[in-house]
């Protein structure tokens, strides 16, 4: 089977409100950055794929505008997923594996500041039974947090530690949105949004964009001596019916771990798309990462660009492996309420 | 049984969402000038194509349009349609003419209304000029232009309008 | 590259309002038909690829989440494609890429639109601040390009009526088609009200509810099943407001067609392709795309239409199923073209079957005529 490597990644500084910058103006700098890092241009790209959500911008076909950030003359091989850009990466990998492209550009973008994210995410639910009740994203996440606490899978201290550590890690992440340190007292005095989730257990409203370049085995070595290989990638979805799911576990992640044969891999680093504090200790346990440095970027709790945060988890794992010459990295991306759809990526650096 | 009580096999459930719309920094620059009655396009520093209204990028080259190019409010009709159905949420009464307006020196067109002429006399290539609202009504919108109306100048051969990068 | 083929196509019937089913019920109906046609069970499906046009057409954000159960994706990978009107075609291409990459053996793909659950014209006519609000739906957008085509090549106005009548006559042979207009002819089309000059009411596509699904599998899984082999497939895009774009004859369409012909070893598409399902939402797009796709020289497309070449009994039948002009569940409309092309080479198109159809084209476009997806399917593997 053809091998595929990540050779470049760039991330816009995460902003609480990008204000006058529109999506195109967020995308262009990161695409130019990732091109400049490798000394390439759109002419070197065989396939381009993006991830975004029309509803964040409040207009049908909003993603079309995003394409204006890309050189499209001569016309390009291109597609778009209405998903986190981690899935745009997935689609691009298929194109490289089938030999349709040697090099692919992936980008994701999202601005949560213009609209009401709670209402928008409510519209992900069953339109006949659940969406009319307008359940907000925090309350949905709180359902799972409660189940995990009840079953002693995680503790309130685990949740607090996830929040405090995220800020510590975020302080050394130049693109992080939240970098001020927290104390146990500050956390303990923070009001509950939807019990057991306090405001600090939730990710900040964020605007941003990111871009990534992947390449085939032959091409990867033209760009770098040390490509980061996508050794394994797998994603699976669970039922939309929360009542039929066991929220204390994740069959989708367990299937992926088995499918990718990760049980015996010793990971040096991990970045998880854990948007709420309880999800981090839960997934660390599930993925056997208790002793693995995880979310050194601070993760979504210090900056959570919708439609991009999953790609960012993969990109941050890539960066850590390049910078610290690590061998095995694990990245996770998610979509839907209560970690409904999960992607697991195994990255490897050959020494 | 009155109509209101007739059984229905569906019910309307309206979704109301509010957004803070952002024009983008390039368009903001443009609209600030439109408020003063000026049309200023932006050119691509690579291929020199002039975009109006600018949206911040040249999709041909994928880079920011950083060069300002003042334009007049004259141009021609690149193509048009006569619309005979109403626009949702707009009081404009059909039939009306919606045209691709190509300003002089610009390399893309934008949609606007054509009035001040019999519909049957409108043709591709016809020379037109903006008809502005009274100055005191000007705001940050291309709606400052009520419509474009024909002017007495020879038609343009639209096949010459196609942009070719030098 | 790993060879892939379509072994089952499933469609719902198309109608303006399918109030007898939910969104989940609608997609499941198409899927059930596809699995039955392919003669495969659920456990044979390795991944699901879902496509549809904007979420605002139904008001469900990222509907693969809500539909996970109905599309049989639970425990499996699912990908959601959105490339505007071309999405049905690009979804088919991406589903086939799942197989051609060697990652999956058998993939289920499904596309849908349930336009009756929202107001598509509203969704297509967004009112942005700062801009004049003068756009009345898709027809208002495409009509100026059509007028420019007519001007360039001095095409007579009856060409549009001819396409509109021909596609609806074909629809009478397709029981699934939304518009069934007995006695439809050019005169009837020409007497319908003008909507967006030069387009009349019956020269425009309807708004439909419906879904289309396909099962795509690799060579080794085909067995004794009927199969439409995918000989070439491609995607091309160009920027909406890009200087130098020719909206009448977009470069992305030209390049996309050349790409699939090269993959399929086709040198003369007019001679070698037996029939085509082309995305024609407004009548004039038939001659425009015939030229764009290289079936003839520029300016000759309307003559092919006028001579009856594209009729069901012509030498290059186009839109045998009735096309987008007869059924238009937007997100599925592209996949219907791809699926109907497959049905033709599988010999399963029933009353609208083209005799001895061995090589067929499926085509979709979207956005401002800027996104293209195409494939060539064949009855023979080599």
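In order of appearance the chains are A, B and C, and numbering begins at 1 in each one.
By our rule, a residue touches a chain if its C-beta (ideal position, glycine included) is under 8 Å from a C-beta of that chain, and two chains touch if they have at least 3 such contacts.
Keep in mind the model is a prediction, meaning the values are calculated, not measured.
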| item | value |
| --- | --- |
| Most central chain, judged by mean C-alpha position against the global CA mean | C |
| Farthest-lying chain, centroid of Cα atoms versus that of subunit B | A |
| Distance between the centres, which are taken as Cα means, of subunit B and subunit A, whole angstrom | 38 |
| Averaged-CA centre spacing for the pair subunit C and subunit B, given as whole angstrom | 30 |
| Chain centre separation in whole Å, for subunit C relative to subunit A (CA means) | 33 |
| Residues of subunit B engaged with two or more neighbouring chains | 15, 21, 23, 27, 55, 59-60 |
| Junction residues of subunit C - those touching two or more other chains | 59, 128, 238-242, 244 |
| Shared interface positions of subunit A, touching two or more other chains | 55, 65, 67-68, 70, 72-73, 120, 123 |
| Contacting residues of subunit C [partner subunit A, same complex] | 1-2, 22-23, 53-62, 64-69, 73-84, 90, 94, 97-98, 100-103, 117, 123-124, 126, 128, 234-242, 244, 250-252, 255-256, 367-368, 370-371 |
| In the complex, subunit B residues that touch subunit C | 9-10, 15, 21, 23, 27, 31, 44, 47, 49-51, 55, 58-60, 78-90, 92, 96, 98-100, 107-108, 111-113, 124, 140-143, 145, 158-159, 162-165 |
| Residues of subunit A touching subunit C in the complex | 1-2, 48, 53-55, 59-61, 63-65, 67-68, 70, 72-83, 87, 90-91, 93-95, 97-100, 120-121, 123-128, 131, 234-241, 251-252, 255, 335-337, 340-341 |
| Residue ranges of subunit A in contact with subunit B within the complex | 18-22, 24-25, 28, 31-32, 42, 55, 57-58, 65, 67-73, 111, 113-116, 119-120, 123, 132 |
| Complex contact set, residues of subunit C against subunit B | 19, 59, 119, 121-122, 125, 127-137, 140, 143-145, 147-148, 151-152, 193-199, 238-244, 246 |
